[in-house]
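One chain, chain A, links the two complexes that follow: it is found with chain B in the first and with chain C in the second.
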Partner chain A sequence: MKKYSFYLAAILGPILLLSACGNQNGKASSDGALASNNAEKVYVAPGEHDEFYAFMSGGYSGNVTVYGLPSGRMFKEIPVFSQFPTNGYGYSEETKPMLETSFGFIPADDSHHPDISQTNGELDGRWLFINGNNTPRIARIDLKTFETAEIIEVPNSAGNHSSSYITENSEYVVAGTRFSVPVPQRDMPIKDYKGNFKGALSFISVEPETGRMDIKFQLIMPGFNYDLSHPGRGKSHGWFFFTTYNTEEANTLLEVNASQNDKDFIAAVNWKKIEEYVENGGGTMVPANYAHNVYSDETHSATSTMKKEVLTVDPTKVPGAIFFMPTPKSPHGVDVSPSGDYIIGNGKLSADLTVFSFDKMIAAIEGKKFDGEAYGLPILKFEDVLGGTVKSGGLGPLHTEFDGEGNAYTTFFISSEVVKWKLGTWEVIDRKPTFYSVGHCMIPGGNSAKPFGKYLISLNKITKDRYLPTGPELEHSAQLYDISGDKMELLYDFPTHGEPHYAAAIPASILAPKSQKIYKLAENEHPFATKNVSEARVVREGNEVHVYMAMIRSHFTPDNIEGIKVGDKVYFHITNHEQDFDVPHGFMMIGQKNSGLLIMPGQTKTSVWEPMQEGVWPFYCTDFCSALHQEMQGYIRVSPAKSNIDISWSLGE
Partner chain B sequence: MKKASVIMIVGSLCLLGLFAFPLWNIMLGAPQYPDPLGMNIHISGIEGVSEFDLQNIDGLNHYIGMKTIPKADEMWEFNVFPSVIIGMVLLGVLLGILGFMQKIDYRYFLGWFVLMSILGVMGMYDFNLWLTDYGSNLDPHAIIKVTNEDGTPMTYKPPLFGYKKLLNFDVSSMPATGAWLMFVGMSLTVIAFLVGWKSKKSQTNQ
Partner chain C sequence: MKIVLRSIVIVFSLMLVACGGKEEKKKEGFSVDRAKTSEKTTEADAVTNGVSASERVDLDNKGVGPITSVTLSPEIDADMAKKGEEVYTQMCMACHRVDKKFIGPAPTGILKRRSPEWVMNMILNPEVMVKEDPLAKELMAEFNGAPMANQGLTEDQARNVLEFFRTLE
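Moving on, here comes the complex of A and B:
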């Protein structure tokens, strides 16, 4: 039984702390000399570049934002799971398939945990993976183009939250379900949850050359809530660790009913063993229905394919592959030290951190020292696997990151602080307040064998008074700490877009040289591309009209079109002929029930317009492209549905 | 004289560098072009410094009514120059061999240098004519027409040598690797002449 006082503390904690924090709010005026030094540390002079790229999840924006560290400047929002009218993602004909799912076209999601691909446990900067939490999906972003390259839906999952963490050679990106559901889905009473609902943990293979994703197998686990996960690394490579809560299997009022067990579990999964099992023909192929959407930089188009089956594995059929480690107080994050020695359970209703020792876990497994079982899966004895306890003095630990110097940094949501402690001795070295109620923290490479322990970012859930007020709705706040010394130093504070649940950062020196500047027009294989202005034309097929259009500073080819009729469906297939860095052109058409387009050099995009009224209607370039940008416009003559005016087009006549 | 002949052969062979390296380089930088656009002028044609530089220079130049940068087959020079260079290399090597065999004396080396210098000056004169035409023979319907203070239309002739500001562009024009190799080669032929002269004098003095 969990003590009720913890529940009370969870509620009262923030209130008490908010009032106690008034005199140490980290404002620069509190220490002038130090503050000026700090200003230098975050100052990136005009024209200079940041040291790190930081990729932050957008939470309910469904996207990813790209920031520079230490400046906190935002460079880009990468559309992933949500329609993005800024550039037409999810609106253009080419990108609509990216948002197809088994539920049809889904325009928005909740993106959570970005993770950068790794080779030998170190960041290699090829791809960024991120999970859509609401309609379970995993996306892969290409870090040459900073665009979403692939999205795979995850069947049998709901609340895709213990995702999207990758193994140390990017063998798998892993997606676990937070909400257990009937597997397969069926009409049944909710109260029959216990024993009937299941939690699917999906291991999605990543093709080493292309990054192409494919669900290798799904572990169909007991119906707990699989909250977060992390891969083993180094000596624990081959294992994956998942936190669980609601081992009570409650289906209502979870805030009380799922907080009754004093201990939930961290599930240790030996994925190498299961991989071997399925490679030897193990597992059951079951019917499923999930979308696999792939974008091509050659055709500048996405395709969506529905997959019809998935390989499931009953964990009890693979003895020695899955073990439960009892972990106090509804753990949230589970984090693995850079060496792979320690697995940190962040019991979110606790003051203390539970650290498991990988060596002890292996010894306990080999000694078969079990403390019963849950649904046929062995439970290890807490004392046998415990490596240490961090008596933090804080409340509500959520996540831990590492600096590669033997230190760990844990965020405490309720006491609103970051605590630095030492691996092995478990002593607390430093603590600094956050503003306010920090969720995740992030150290560049902090989820790898080789962290770059210079900065720590706290990603906070509550902003309140940190910036100028903007009405009831505020952006979230992030703080940047210098962690290069013994004590953490608060350097800077900046708002972040959406709700960054987690972030991943990488030295700019790895990514910047690879960043693509243009798409080569010569390599454009879009079926509706206009690669030469002599091919620009307008083609009628029944009441569909295809406009093959080219754009270059500062005109469209063609820019006068006649013969369009009310009731037509007009497809503008527009190719940007520029081959110069940072010369996109935009397109908008009056009365268009769609977003505009932003088309990069060498790219083709398509937008649909359904003219409703007779007249002569203009379109124009929406991106101030050149000195003659204002002249970059055209007209379309729309005639009555029954008129017999032939299609014609021209430029400069 | 043998030494002088070898230097003569090496000097004339240096001209072959023009087939591997550009003769001249023109770079165009502007506030919005922190990485400048550039063209390398080879004896056989004009190439962009980066893959799409020529296209981008043409794209910008259309605003001020300049013609597009000529392709190799649009200028007779790009056919004739390689033949002239090959001819001069062969002549230089032949003179060197004949000198080595004591069939001719050192004064022929100076003759080669003088001929090459005349051809070089003619080439530069021709290049300058093209630059002038390229920069001042503008489309009367140009989008942007700028006039000088005296009311005459502004022209955009890039400098033959050195730096010039053209509207928002900083333009610099310099000999490139091929030209430097040619200058080294031509200097060697003068050295060959001097060495030959010196050895002749010492022979006479004996």
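Moving on, here comes the complex of A and C:
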């Protein structure tokens, strides 16, 4: 793909240069007035705050990054599915359980589609959900602490890609499998895929108060690839829509073999009907093995539990719940308009967009106008459900967002552009190039009943010459467009970390006021917390040594420890006694085969050190905490394994 | 350059040989070049009229912060003092030992030197105090520049801590 677009660029570039009237490379126009106007629109003066928070998936970083809009400034990387040495996530004893799975401890993943929790179809800013694509998982991030609060593994799934989209009252976060696999997993010939492999679509309930996740049911669908999904909203609330490709059920050379059918499907799932079915005892509980990991802000620790069964539903057993809508050309995104009237299929090998009408879909279902079936599931007639076609003239539509003013914005990967069009009339209003090869786009709230509009971000796959070169490996590029007028206006261009596949943004006014500043020391329930310095101590239990340590500007209590021996396993349980905003302390110990720790005020974290050599070894605070930060250090005396030196500790003696 | 490096290496090897590296860590004078000017020179900067800031008595200064007036009951409220001690133990003791100078000064006898308002403002508003209150500023210099941490106490908690301090004569 890269090669093609390179050649395309090589051929088209000069033509565009010749034909266009200036701003085709998106560089600041020579018109000084216009450029400075754009600069003003993205300029957030020192000390001022951005208008929106944007959460970008990190792709192969496995994490989420938080940016400000319109400035494009990055505020934080939130560790989710990957070990993060910056603060010790996935290394500290407390957070290791977050990365437990049925495959054991998994240190990395590929995060894809963040979605913010909703109430009545509007963003409520309580939680952010994101999917781990490779080892199928869904994570919930608490938007008070901006930390990962929970991760649930998704069994019977592989390539957890049509995820993690939520219903309009956050009833469910939905996770669909991209790769179909044997369900249950078993040893069988790959060539017997067709008809035997299955695709699991998982509906994970979200407890309304706590956000706690639980797999309510899994629909065991035909063995297609389920690529993306979106909830119905408003009138279509209660339905969920999934794109499929590889309805050919090819198991090799999909590049060719999965592009044979002229049309694949959008699967329309009436989840309310299935919910009713399972609540009345429907479905089959089957053995499974998947991890459920929960982090507590009180104990500052995570626990991991292996769940042993999951409720599966055979879709053919719930008549009237699942229908296929034929959709041209291996659709990628399926997006639902803010009112819930239209379902947009982005056929990625097509030039056109296929828009289905929810009303027509219901009428077709009621009239039982079917065009055959697939594995017992009715296929609706394309013409009967078609609401309109957007003749865009672009190539390779991937994903559509909405501005709440009746307009839709679709990204085109192959022709590298964003196209603005009108819902209902399907006319194209504007198009702007992206740099280069855009994947998804994002409008704040653009995936809800009430988009905030104003800005659109294109999340591009290819960076090439946008920034100063940094060798062969580059960050991805994003472009910020002002969409408040009839025509989109490219304002700004900034690199993004990892590969943001999708993003979600919300007004800062919703999140900023409730962003937590510290953890209260008095509420710290960590079993190894040192809440009073008088309790700081060192305890030997066989060859395990537990150091109960406190830290405050600018010393550790204790800071001299003796009686440690080669071969011991030393647990540093460190509590930060600060109770002021933004006074973290860090910890690193020489020769530690682990990451350091970054400990927030009131928090306790634990790091393990296994001394290998006799001597006197220092540790220190890694976060510049005060004018006396360089004094924040301590020593540990390590004696030979057979030594009879007793454990002792001190501070200032 | 090489010569310098070599001589450094030689010096270090000599030092290693000299202090033996092994075992007994008797307090041999290693301080060849580090002639100390004894442990405590009088901290010139922190002294006014020969009395260090921590020793000076200033009962009129109310400090800078939310507390403008505190009325102390004639009798110490034991319940408040107990609550105050709990807060003190958790939030303050990392730096303030009851009766000895540690990171910061000891609270014992503090109300003989400071007004109750000053004490509470120092607890509740330390960042501003060390900038705007001349005495607090001097204290920070006297205590090696260690800033007093704002531990986020409520006014009630700070008042209880003050009551606890009244028990420390």
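Just so it is clear, the second predicted complex is superposed on the first by the 627 of 653 C-alpha atoms of A that agree within 3 Å, B and C clash if a C-alpha of one lies under 4 Å from a C-alpha of the other, contacts with A are read in each partner's own complex, and residues count from 1 in each chain.
By our rule, a residue touches a chain if its C-beta (ideal position, glycine included) is under 8 Å from a C-beta of that chain, and two chains touch if they have at least 3 such contacts.
Note that the structure is a prediction, hence the values are computed from the model and not measured.
Clashing of chain B with chain C is the outcome of superposition onto chain A. By the touch criterion stated above, A:Ile552 is placed in contact with chain B and with chain C alike.
By the touch criterion stated above, A:Ile266 is placed in contact with neither chain B nor chain C. Judged by the touch definition given at the top, the superposed model places A:Ser534 against chain C, while chain B stays out of reach.
In the superposition on chain A, contact of A:Gly652 is made with chain C only, not with chain B.
In the superposed three-chain model, the partner touching more residues of chain A is C, compared with the other of chain B and chain C. With both structures placed on the common chain, the touch criterion links A:Ile518 to chain B and to chain C. Residue contacts after overlaying the shared chain place A:Leu69 against neither chain B nor chain C.
Shared-chain residue A:Met56: touches no atom of chain B or chain C.
Stretch 26-34 is the one among 26-34, 98-106, 116-124 or 188-196 where chain B clashes with chain C after the superposition on chain A. Note: residues 518, 552-553, 578-580, 627-628 of chain A belong to the chain B contact set and to the chain C contact set alike, using the contact criterion stated above. Residue ranges of chain A in contact with chain B, taken from their complex: 518, 552-553, 578-581, 627-628.
Per the touch definition, chain B reaches chain A in the complex via residues 35, 51-52, 55-56, 59, 63, 143-144. The residues of chain A lying in touch with chain C in their complex are 518, 521-522, 531-534, 550, 552-555, 557, 577-580, 583, 626-628, 652. Those residues of chain C that touch chain A in the shared complex are 89-91, 93-95, 102-103, 144-147, 149-153.
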